[in-house]
Amino acid sequence: MKTKTAYLSFNTNKKIEIIRITDQVSRVISDSGVKDGLVLVNPMHITAAVIVNDNESGLHDDYLKVLEKLVPYQSDYRHNDTGEDNAAAHIWRQLLGHQVVMPITNGKLDLGPWEQIFYFEFDGQRQKRVLVKVIGE
Amino acid sequence: MKTKTAYLSFNTNKKIEIIRITDQVSRVISDSGVKDGLVLVNPMHITAAVIVNDNESGLHDDYLKVLEKLVPYQSDYRHNDTGEDNAAAHIWRQLLGHQVVMPITNGKLDLGPWEQIFYFEFDGQRQKRVLVKVIGE
Amino acid sequence: MKTKTAYLSFNTNKKIEIIRITDQVSRVISDSGVKDGLVLVNPMHITAAVIVNDNESGLHDDYLKVLEKLVPYQSDYRHNDTGEDNAAAHIWRQLLGHQVVMPITNGKLDLGPWEQIFYFEFDGQRQKRVLVKVIGE
């Protein structure tokens, strides 16, 4: 059994930003030497999500518009009484599904035709990390 | 360490359809010979989800009714300006949680009394695949 | 390769309750002897969720308030025609993301500064279990 762990770093220009990270995850898999196994991609901060979906900017806008409609960023949240302004960011990341585990076959991400991995930052402009852990053989 | 990868195929009669796939996943586990480990069940298309919940048709209707209320299938989405009509399908699959990793113990899915695995198709009537990857020993 | 499986038991005082389980998961990891790998934390009952987020009670109230707004616990659900009253609990657990897979590095949960693991019970006051499966080496 082989494992490899890497930490991707992000410090986005905007508070809310969507970044495609498929290539960065693929590089960790190549470095691991794992031919068959799983890769966990998990944000280490709790106002961000890692999801798999389409690399289409219109759809990304749709996601944000839906989240804002369902759970407005500026609203009356008890969490924000602590001095934070990011309660909605915590909730958004849960609604989208906060992490992914993806398959590795023949040494590569085993993706469908449109599957791409994205980092969704909902409270950016500060240092954040995403853990990538490969396990397999 | 052992691994096994299988691809389940679906081409649903309806655009929106829910299919129980516990038995198909169990078969892959039996074929793998893995006695203890994990199985990833991941839709390879991004308008479908794999979830674990109850095998009760009323509840399945409730899911769809809630999704339609929160994120109407027919509405004004930027993604649909590309000629697609499935923006909501992309979003629904994120709201429900798009994939599952389930435990294997004593060579079988280690499920609670009501846990069943389902394929939720939100943009069907075409060829789709679900990847099943078993890892363990 | 090593594996270890444990079953955590819960019987909450209230129907809806949030319980921090990071330490219980950590104990299973210690017992497993696994230094590098993954841990699946999966509720075996389908009206509960395991999520990773912030240990802040105000935020926990915000989650419940948002869920109640989007999917009211008391409403007209077909599932509840079966004699149940927990349709919303089934749906809530999907909206939040029902399970997590977390990384183990150097024999410990490899967590960011604020990541904590929680059990969200949405239909409590009865016996429930959460499966913890460690896999690694």
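Order of writing sets the labels: A, B and C. Residues in every chain begin at 1.
FYI, a residue touches a chain if its C-beta (ideal position, glycine included) is under 8 Å from a C-beta of that chain, and two chains touch if they have at least 3 such contacts.
Since the structure is predicted, the reported quantities are computational estimates derived from the model, not experimental observations.
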After a C-alpha superposition of chain A on chain C, what does the rotation angle come to, in degrees rounded to the nearest 5?
120
Call it same or different for chain B and chain C: same when shared residue numbers make up over half of all numbers used at their interface.
different
When the centre of a chain is set as the mean of its C-alpha atoms, what distance in Å lies between chain B and chain C?
20
Which residues belonging to chain A are in contact with no fewer than two other chains?
1, 38, 70, 95, 97, 101, 135
Hey, which residues of chain A end up touching chain B in the complex?
1, 36-38, 51-54, 56, 58-59, 61-63, 66, 70, 95-97, 100-103, 105, 110-115, 135-137
Note: in the complex, chain B contacts chain A through residues 1, 3, 5, 38, 40, 42-46, 70-71, 77-79, 81-82, 87, 90-91, 93-95, 97-99, 101, 129, 131, 133, 135
